[in-house]
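This is the structure, below, for whatever I ask next.
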Amino acid sequence: MTQATYNGVLNLAAGAFLLAAVLIVWRRELRAIVGLLAWQGIALAAIPLTEGIYKHDAALIVVGVIVLLLRAVALPLLLIRAVGTEPHERRESTPLVNTTTSLLITAGLTVLAYAVTRPIIALDPSPATRAVPATFAVILIAVFVMVSRRRALSQAVGFMMLDNGIAATAFLITAGVPLIVELGASLDVMFAVLVLGLLTGHMRRTFGGTDLDQLRELRG
Amino acid sequence: MNATIGLAGHTYLTYLATALQVLAVIVGAPFIVGGMRQVRARLEGRAGGGIGQPWRDLHKQLRKQQVTPQGTTVVFGFAPAVVAGTALLIAAILPLIALGSPLDPAADLFGVVGLLFLGTVALTLAGLDTGTAFGGMGSSREITIAALVEPTILLAVFALSVPGRSANLAAIVSATADNPGHLVSPGSLLAFVALAIVIIAETGRLPVDNPSTHLELTMIHEAMVLEYAGPKLALVEWASGMRLTVLLGLLANLFLPWGVAGADPSVLAILIGFVAITVKVAVLAGLLAAGEVFIAKLRYFRIPELLAGSFLLALLAVTASYFFATPTN
Amino acid sequence: MSLLLLVPIGAPLVAAALAAVLGWRRLTSSVTVLAALCILISGVILGFNHGSGVRFAIANLFRADALSITMLIVIGTVGTLATWASIGYIDAELTHGHTDARGAKLYGVLVPIFLAAMASAVLANNIGVMWVAIEATTVATAFLVGHRRTRAALEATWKYVVICSVGIALAFLGTVLLYFASLHAGASSGDALNIDVLLAHASQLDPAVTRLAAGLLLLGYGAKAGLVPFHTWLADAHSQAPAPVSALMSGVLLSVAFYALLRVKSVVDLAVGTGFLRTGLIIVGLLTLLIAASLLVVQTDFKRMLAYSSMENMGLVAVAAAAGTKLAIAALLLHVLAHGIAKTLVFLGSGQLQAAHDSTRISDVTGVLARSRMVGVTFLVGLAILLGLPPFAMFASELSISRALAGAGLEWVLGAALLFVVIAFAALVRNGSRMLLGPPDAGSPAITVPRSVGAALVTGVILSLVLGLTVGPLLELFQTAATLLGGTR
């Protein structure tokens, strides 16, 4: 793999990663955004895989495959199963911030991410760190998604996106943190999503739906 | 970069190329519109009116009596001329057939977008000038769309200009022709999608506006020109067709720049350029028309969502072009 | 001696495995209490033998210095009291049908896992391992908070999981950035996240990246510690969880999260100077105090009131950490220990009140002192400690924190903090006296106290009295910890 191909693939992966995040903000159907999350998982896995192939590092390739299986296949499947089968559950009810404003806020957050990550690029101006602003933008967008959605599942998708963004940043900056931490982090994410999925099930049984606006008993 | 671009002492041939460009747009625009209608008709299973139908319509309208509503001012009267004039000027500026237009010093991105906007504003004011409810409605809708479209066009073409470091359109086109690899970078791809969406919005095609609707409440562009009749209507329809043609030509040459004659062209190069641009615009128009068959018109309040999304894509395109610059550049 | 470091983690895990196999019964719950006691005893032994030095274990992944030993003692004390009370509490719940065998088994498995995770967090030398442990506590406590399966409990669990997971994710990003900076400061990739390696390379860490990392870590671990702006889960989770779990979460988990911040602070202060985190902690601490005090004034639910009191105390701890002097840190550690025991007392008592009245509204509960000496007196003692009254330890710690703030030139911070503490004091006194003093309403139900809960309460009161009268050998431990954290005066 040549330097140019490495740069190109890395750029494309980071770009697709950010684009998936933008489309998650744009679209409202639950099935669609879980699908987009799967695509984002593929773009995420591409980063360690590319780095592993370029640097001939077998450990990175293994990590890439694990990430692919976990974040592009297993976790979206778990989320899809939690999407109810009734049609009225499929669509997101009007989000707290309308789509036009959400998209403009996303534009602002992207610019903010580029500003904030300048010291990182300054410390290590390699092609990998130059893609960090995109993944950092995904982190900010994910926090925004979690804050501005009403359905429990959309918040879960936002949380997964946050985790994807952080994992992508970790891979780009350091070619992964030490393996033990990455494994622990992945396991924790898996547990967190399991918990969220189970909770959604409980909520549907107890509240008859997963509209988070119904969770308003605890105040003050 | 070619040093002869923009200097005095253009060769005969660059003038010829520019004149040919303008003439081609004048004559070809109704054919493009007709072609699109024909493609759509055939796909919908109808016979259609033929490619020459818009010309026949223009001919009919030009021979009709000029009718002006009472209470309108000179704005109403001059708007068609302004729209047509700006369209022609853009046709002369853009690097459609050859790169070295005599108007090249003005051929930068901001100039072109300004001219486009001038045309839009003229028509919007004319719609308001009629004092009718539908005219006002069409104008307010058009301006809402234009508010999101103009910045997006600027950003999208700006994203393409970053690798070449110049906002001059001819420079952008030749930079892309020299380095085709740029086209598959994230910046270019995002810019293409954003530009396609805003061209659809700017020229009033589906899913933003249905050009063949008869229902006034769904109209945007048609509502503004509801009161025009006769020669002025012909001019307005023609100008709309010309705007569509030049924008499609811009899209084609920004992303598929092969075939464009250089700054110092020979007659053969000019002919090749002419054929190339005709083919490219015809193909793009055909694809657009075919796509329209499968899309429904968006409800008006969903349009800002679409345009905000395309603005975001254009912004991402700019940032992608800036920050993904490879070390080999 | 390195094996001793693994006991606090291993013993609770053994108890959890036993509970998973056998379910909830007297044997497994007693083993859990023993495991918590093991944590306390290993902390004490380590304190006696190595209070002044640092011990490592398993390829430098774990460490035991004065600070971790202090936290081990806190975890061990509160853990023992809480697990001891759990025996009676869960048995009572089973008899009254508030939970079933499956729920009790889940409780029995998750509580020791929770304890093991907290012990790993304070014993970790690698801040990545510390992060994994703290994330594990969120996962373990998620279902503990929802133990009762009511609508309110489910809502509390959702908010808790979502907000704390966001916080912990931000903390992970901060950890990654710190790793990045550490690699570029010359550390080797295997141990770049080890605290000793970070401290050694601190002066070479890139300041801008370290500041970004520090900000993210402050936000992230601050979320777990109940600090603004990610504090909204605290009142809900701590009020809906069963009483012994509330005691554990309020008393220890918040402090463990703050411990993580202290570790980060020691590295960041060396890299970018004390100003950055000092400003950050002051802002966060004062805002937390403000919000906690304001919400305490309007409380109508006594468990939420206790939760906001925890938030107020964490705000005070944050402000003390901002001062950063030796006195401040030592006082902070004493405050954490005393607060842990006090919260256990009040939460266990409130658990019995909730069981008797089947409601947690302050207006429903009157004349507790007249109705039950056990619950009444212990609740009164716990409140007195929380109010900072002498002769209990929190009086000494709050006084020392005030002196430290004044000495560090932060008089205006001291003034604001004291104002908020006074507001909280008044609110607690008003609600406490309404609940405890005076004659009970006619028709108030009888308050029963299971034996183990009563035993835990009495032990807690004795410990608080002892701690209040003399800090004893702990003083040296606190001071060594303070010096370790880079405290100057």
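In order of appearance the chains are A, B and C, and numbering begins at 1 in each one.
The definition used in the following text is that contacts are C-beta pairs under 8 Å (C-beta built on N, C-alpha and C of every residue); 3 or more make two chains touch, one makes a residue touch a chain.
Keep in mind that what you see is a predicted model, and the values were worked out from it rather than measured.
Asks: What is the shortest path, in steps, from chain B to chain C when you may only step between chains that touch?
Replies: Graph distance in the chain contact network comes out at 2.
Asks: Report the most central chain, judged by the distance from each chain's C-alpha mean to the global C-alpha mean.
Replies: A
Asks: Quick check: how many Å separate the C-alpha centres of chain B and chain C?
Replies: Each chain reduced to its C-alpha mean, chain B and chain C end up 65 Å apart.
Asks: Taking each chain's centre as its mean C-alpha position, how far apart are chain A and chain B in Å?
Replies: A distance of 37 Å separates the two centres.
Asks: Could you tell me the distance, in whole angstrom, between the mean C-alpha positions of chain A and chain C?
Replies: Centre-to-centre distance between chain A and chain C: 31 Å.
Asks: Show me the residue ranges of chain C that touch chain A in the complex, using the header's touch definition.
Replies: 126, 128-129, 131-132, 135-136, 138-139, 142-143, 146, 149, 151-152, 154-159, 161-162, 165-166, 168-169, 172-173, 175-177, 179-181, 183-184, 189-190, 192-193, 206, 208-209, 212, 235-236, 239-240, 295, 298-300, 304
Asks: Which residues of chain A touch chain C in the complex?
Replies: Where chain A meets chain C, its residues are 116, 119-120, 122-124, 139, 143, 146, 152, 155, 159, 162-163, 166, 169-170, 173-174, 177-178, 180-181, 184-185, 188, 191-192, 195-196, 199, 202-203, 206-207, 212, 215, 217-218, 220.
Asks: Using the touch definition from the top, list the residues of chain B that touch chain A in their complex.
Replies: Touch residues, chain B against chain A: 184-186, 189-190, 304-305, 308-309, 311-313, 315-316, 319-320, 323-324, 326-328.
Asks: In the complex formed with chain B, which residues of chain A make contact?
Replies: The touching residues are 4, 7-8, 11-12, 14-16, 18-19, 22, 26, 98-101, 103-104, 106-107, 110-111, 114, 127, 130-131, 133-134.
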